[in-house]
Amino acid sequence: MSEPVEVTPRESSVLRISLRTAAIMLAFTLVFTALMAGTYKATEPLVAASLLAEKLRLIGEVLPPGEYDNDLMADAITLPPQRSLGLDDETRIWRARKQGAPAALVFEAAAPDGYSGRIGLIVAVATDGKLIAVRVIAHKETPGLGDYIDPKKDKNKTRPWITQFSNLGFDSVPPKKWRVKKDGGRFDQMSGATISARAVTNASSRALAWAVKHRDALFALPANGRFEENKP
Amino acid sequence: MNNSPYSLKPASVQSVMLRVLFALLPGLAAYVWLFGAGILVQIVLASVTALAAEAVMLKLRGKPLMMFLGDGSALVTAWLIALTFPSIAPWWLTVLGTLLAIVVAKHLYGGLGQNPFNPAMVAFALMIVAYPLLMSQWPRVGATDFAVQWEAIFGSRQVLDAVTMATPLDALRTVLRDPEQRAMIGGILGGKATFGNIGGRGWEWIAAGYFLGGLYLLQQRIITWHMPVAFLATLFAVSGAFALYEPERFAGPGFQLFTGGAMLAAFFIVTDPVSGATTPRGKLIFAAGAAVLTWIIRTFGAYPDGIAFAVLLMNIAAPLIDMYTQPPVFGHKDKRGDSP
Amino acid sequence: MTSYLFVVLGAVLVNNVVFVRILGLCPFMGVSKKLETAIGMGAATTFVLTMACGASYVIDRWLLIPNQLEYLRTLSFIVTIAAIVQLTELVIQKTSPLLHQVLGIYLPLITTNCAVLGIPLLNVSLRHNFLESLLFGFGSAVGFTLALVLFAGIRERLEAADVPIHFRGTAIAMITAGLMSLAFMGFAGLDKYK
Amino acid sequence: MFEAILVMALGAIVLGAALGYAAVRFRVEGDPLVEKIDAILPQTQCGQCGFPGCKPYAQAIAKGEADINCCPPGGDEGIHKLADLLGREFKSLSAEHGIEKPKSVAVIDEQACIGCTLCIQACPVDAIVGAAKQMHTVVGAQCTGCELCIAPCPVDCIRMVPIQETVDTWKWKYPVVPIRQAA
Amino acid sequence: MSAYKDIAWNGLWKQNTILAQVLGLCPLLATSTSLVNAVSLGLATIVVMMLSNFAISALRALIPYEIRIPVFILIIAALVTVVDLAFNAFLHDLYLVLGIFIPLIVTNCIVLARVEAFAAKNGLRAATLDGLMMGIGFVWVIALLGAVRELIGQGTLFSGIEMIFPTLSGFQILPVEYPGFLIAMLPPGAFFVLGLLIAGRNWMDARANERIREQRIHHQGDQATDHANSAPA
Amino acid sequence: MIPKLFTFKGGVKPASHKDESADTPIRVAPLPSRLIIPLRQSARAVARCVVEPGQAVLKGEVIAAAEGPMCTAVHAPTSGTVLAIEPQPVPHPSGLPAPSIIIEPDGKDRWIDLTPFDYRAATAQQTRDYLRDCGIVGLGGAGFPSHVKLGPGEKGIDTLIINGAECEPWITCDDRLMRERAEMVLAGAAIMRHITGARRILVGIEDNKPLAVESMKAAVEKLGERAIDVIAVPTRYPAGGEKQLIRVLTGIEIPYGKLSTHFGVQCFNVGSAHAVFRAVAHGEPLVSRILTLSGNMAKPGNFEVLIGTPIRELLPLAEPRADTDRYLMGGPMMGVALQSLDIPVVKGTNCILAGSPTLFPPPPPEMPCIRCGECAKVCPAELQPFQLYWFSRAKIFGKTQEYSLFDCIECGCCSYVCPSRIPLVDYFRFAKGEIWAREKEKAAADIARQRYELRLAREEREKEEKAAKLAAKTAAGREKAAATLAIAERPAATPEDEAKKSLIAAALERAKAQKEQAHPGNVSNLTPEQEAEVAAIEVRRTEIREMAKPHLRQDD
């Protein structure tokens, strides 16, 4: 096959060759598509499992598995885009229950005003109005400067910056004080990178407020339901 | 034995470079007066590093050492690095930046005269990308305590908070980033905090010093008028137009021209003959392009001062600019200067 | 409207294919020794990439997603691209021999330019709509062309520079590309500005 | 699975037919590249490149069978031009094939020549004149300096003589630069 | 045997895809931000190269000349998809990190180039070996690049290894106070380090060439004396 | 009428040093002990020698005749005997020898019979031929044959420019000539105007020579001429360059590759005009010229010197100082350093400058170009010398041509100002030379390719013919007995071949013997490198023999 085939381009042979190449092409395609399809079928469950594990790991960051006993994946509802949470896309809210009683909400939020754009967060809010934990799941803050909001990058390993919000609610920190110190609030910021801290702090405050406000409506929805703002 | 011409005008690279250093002195004096002597430490650091790096590279490349070390170009690069870095930057930052400038940006391309990128600006861009925090901690006006600066450069950086202050450009950027704080913008642009009210918080006096030095360079015919005029005029025009359009959002020309490295750039950086455009029209395009990019990056970009990136971006375009702005040759004025 | 402008500008400058997304480097390194070839390659790529983005959007939305065949994306995209390249060649050979002479030799090279596959795949992961896909493809290709042409300009000059012997050729070209990409980092943040 | 195969099969048939058609219809004839390469080669026809003449070497380069740095008479200059033409990286003259030498012409020692015509047959450019049993002479202007006539001569009467410089052929030298060439 | 040696030598050094042919740069530069990423992508590439070289060498008699490129691409794309799916299933974290660069192995010029230049003309064993060696040639370069960038960039090695072996973790090589040099991890750093690697290769080649030249001169000297001895006879 | 003056871009103002030699009148140099007259009068043509050694010649007698359109005749500068015709060093940057006629003067300086030429009665062509036979070439430096320049051109000539600018420092020969012989110069110009049919004459003189301007103006008055304007042009090197002077006086820019006649202008040096006058009015061929001796000399001045006078014999006239380390022919900007003092004065020699380390210090070592653009500012051709340099240095000649290398007039302004002390002009001369050489090589290669292909075709044809013959012979042979088959198989082994073989064998013997005598030991005393090379050639020879086999005829 390494040698070009000698052909004289007569019309009939053109047709014949076209057909022949089409047939060969077809044969190859069939074989290799089958190969792919087979692999796909074989790996499908594994891929699904990986995806699930990924989700659970993320949720586990903000809500320790001991805090609930229901199947979070099953007990989820759909959240249409929420401006107040900074979300432009549809997301899911997971409802944690302990012994049947509502325990916490886990949902995504976003700070649109990071130094380099959106900072994606995942937040867990307990039914008693406390923010259990918040974690950054996606950001583009300047490496080495604004990226301390992600505990993996935070130099302070023992008490990463983002853990200072854990287990606080508006009862202990009133909304006016839920700000970085530079803005007169009570949360620390890293000097030189206040913008990132401010963005996360404000976004977590908004998320907490939103969760507190809609807590009951959210738990009231059926599993796999859809949250609509204006419905009671 | 050489060939004709046998008589030559007395001129040398060294004298050109020394005059450039001399022209930097007024700006430097203002710097020391307003921000303390830390900058002198940086200049020494950068100069020593530059000369050492230059010497090592020359040796490795088998070039005559004294002839090139004495040409002064490494010193110009070193001084410009020191002047564009924060004067309280830790010592290793200056040293690393200078080293990279001389080794990578200059000698890997063949040394003096061959580098397509401005070495000083390469150093600045590399360092601000790698160490944005360290590169944006500037001393406070009047905080001239040399001991503190020395400590900041060579010792711990704990002392810093008291003596640093966001530069006007940085402050502007912070405010612009945060919608809630837009209201403060007037205060920054007014810039009444210290000396003049041109908006520089002290930086304007240094800029004036550079302006003076630039005039000297023009008078000495080391630079031509094209670059500074095109750069300053374009920056003036663009920022002026936008400031008229929406003054509460865009800083005006006074602010843009007298903050950051604008004046230094206009006379000392865009004019770098080696990495810039060389034809008369090319020089105008080069400098105007650098000004527009500077304004864009300052106004919309992630980095507070856009000069280094603007200059590097124009460096990239310089060969093409030169290629397309060849002046017509004697006798070929009707068509482009191509030979028959 | 401005958001479309941002897509194009973002693709050309801020997220330049070559310098930020690191795609299409082989032709960037290989076809940048002379200005004319750089321009030819850029033009050919621009055409093919824009077409490829449109076509792959259609295939993805109408064929793959409805049938849950996302795993065939790579295959169907690349085959589509190969077909587009071939078709383009046929069409310009018939309609414009001049254009064929200019672009002809670059077309076959495009199939192995990973930007041509990478950009359609990015379109999918960035969830662009049809128009955005087209513009993103076009912008990326313009960004590629820009990078290529500027690089060729510098390389023509570097050709004559007294570069240390072991750095001549590809090594210094890499360093230059690095410095160019450093310069393009100056555009960071432009696409975030609102 | 079934859709997958169907979708791909459809594509394959269309593509295969189109390509088969195109391949036959638009076959490119001839190879202008060889001519372009040949135009760069110095036409010394000396065979040092390992091919019997410049044209065969040009063909080999065009086919990708030979490297571009095998022609000593062309020197670095020629390699640069080839690299430019083919968009390849320059590499210095391969030592296996010889080294660049000053341009020379063959001179026949007329006392020793026995008129055997062997050199005439060896000369690729017919630069030697003379008939059987008569003394032969090299026409200097036509000699390419390929040295092919030296080997066949049974009495070793042919020498290569470097071409002398005259006021007419003198060129300005490369200015002697005190800066040493890059290490 | 020496043919196989040649194949190996070509893949590892002489025709090294990156250092000599300057192909396959995008995955190389984009994924070499850390040693683990680099090696992972490199291994994926080896697998694809071996399999595609094998498959095409095996099927070469069946592929008509006119449609060889589409068929090659088809085969490569299918194999890449298989590898992609495998990553997704077994190394999901890594799959997320490497992003579009696994599918992009399809357009990795090296794969197509080797298939076309070698597999399509050679037997099964040679072709597979060529794929392996070319792949290894790619891996060692990308691994070196990844290691250097990671080390300079953040002073560690093997960070992210937990994505593959959850029980392991990376090493902090340089002192913790090392401020890191972010550039190394960013695109400019990728170009710089690769530029230095290529310069290093040029340097080693130049040294080798010099040695050959010296040997040759020696050798020729020997031959000359031989010649002188045999001349009178 | 004072015409409006234009300017040219660029140019430099080196110290003029005219005073040293400008104020002493022209003196006639004494007869030298021998004269060396190169047959090559300009870069373009070599005259055909018509004398033989030992022949006696008179002053003004033709010793070499014009051959070809670009050639002029050469005359004996004085009466005497032809000593030899042999290569001698000539004024050329190479210092290489070129064929020259050597004449020993008899001291009598006897002219041939001189008859003035009535140009008014002759046609223009006849006058031009006359000037050619008088050996008139441009005395401004390039030595271009004046009769060619006086030709009609495409559109005729409107303006004749007489170049009295003398822009090079130190040189004052034209200045003196204009001061002392203004009328002759103008009369010569008028003759040229007559030949060309020009409407007006413009005389351009740099304004640092006010006395020359005065004198020329006075001469115009005296002759009552209307259409001659004497114009003082600003002093700036190279205002005397033909293109620059034309630009200054008329505003016309003559591009490279176009002749000035294309624009209706022609330019002559004042010395050329003077020579034309002498040839026409007195019938004197060009055998002497005025030149300046200056520089590091105690008594600089201007002298009327016979063509062919060795420089060595001139120098005592001006008494060079002790620290003189070199002599230049021409000015400091464009002159050529003399490699030997035996080099003779030629028609284009306008100055001999003595140099000393203080006067013309050796340039400091070259630094890399910093692209400061100084050179571009001063280049009168409006080039970008640093770009040309960038590519010339790297030997990328194609690019140098793109940047108009050939528009460079080699004036040296760029080298003069360069702060990096780069000998820019040297790079440009080098690049031009290489490009010309390459063009020649290319032409040679094309011929070689043609000849090679012809030969291949011929061999192919012969092979076919032979095959046909062979086929015929075999067919015939088959019918014959099996015994003769062997012959049929090797039809090439004809008796002729046998004879040839024995001849070769005999000759081999002879040659071997001869060789041993003729070249005893040209293979001994070889250095190891040489031996290695011999061995390498030997190896290659065998290889090539193998390779060439299919290409050689198989019959022996």
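For the reader, a short list of remarks on this structure follows.
Here the chain labels run A, B, C, D, E and F in written order, and each chain numbers its own residues starting at 1.
Definition applied: a contact is a pair of C-beta atoms (placed from the backbone, for glycine too) under 8 Å apart; a residue touches a chain by one contact, two chains touch by 3 or more.
Here the structure is a predicted model, which is why all the values come from computation and not from measurement.
Of all chains, the one whose mean C-alpha position sits at the greatest distance from that of chain C is F. Centroid analysis (C-alpha atoms only) places F farthest from chain A.
In terms of C-beta pairs in contact, the better-connected of the chain pairs A-D and C-F is A-D. Here the CA centre of chain D is 34 Å from the CA centre of chain E.
Here the spacing of chain C and chain E, counted between their Cα centres, is 23 Å.
Residues of chain F in contact with two or more other chains: 93, 365, 367-368, 423, 426, 429, 536.
Of all residues in chain C, those touching 2 or more other chains are 30, 71-72, 75, 79, 82, 156-157, 161-165, 167, 169-170, 172, 175, 179, 182, 185, 188-189, 192, listed in ascending order. In chain B, 60-61, 64, 104, 110-111, 114, 126, 129-131, 302 are the positions where the chain touches two or more neighbouring chains simultaneously. Within the complex formed with chain F, the chain C residues making contact are 156-157, 159-162.
Of all residues in chain C, only 71-72, 75, 188-189, 192 touch chain A in the complex they form. Across the complex, chain D is touched by residues 64-67, 70, 74, 209, 212-213, 216 of chain E.
Contact residues of chain E toward chain C in the complex are 22-27, 29-30, 69-70, 73-74, 77-78, 80-81, 84-85, 99-100, 103-104, 106-109, 112-113, 183, 186-192, 194-196, 198-200, 202-203, 206. Those residues of chain A that touch chain D in the complex are listed here as 7, 9, 13-14, 17-26, 28-30, 33-34, 36-38, 41.
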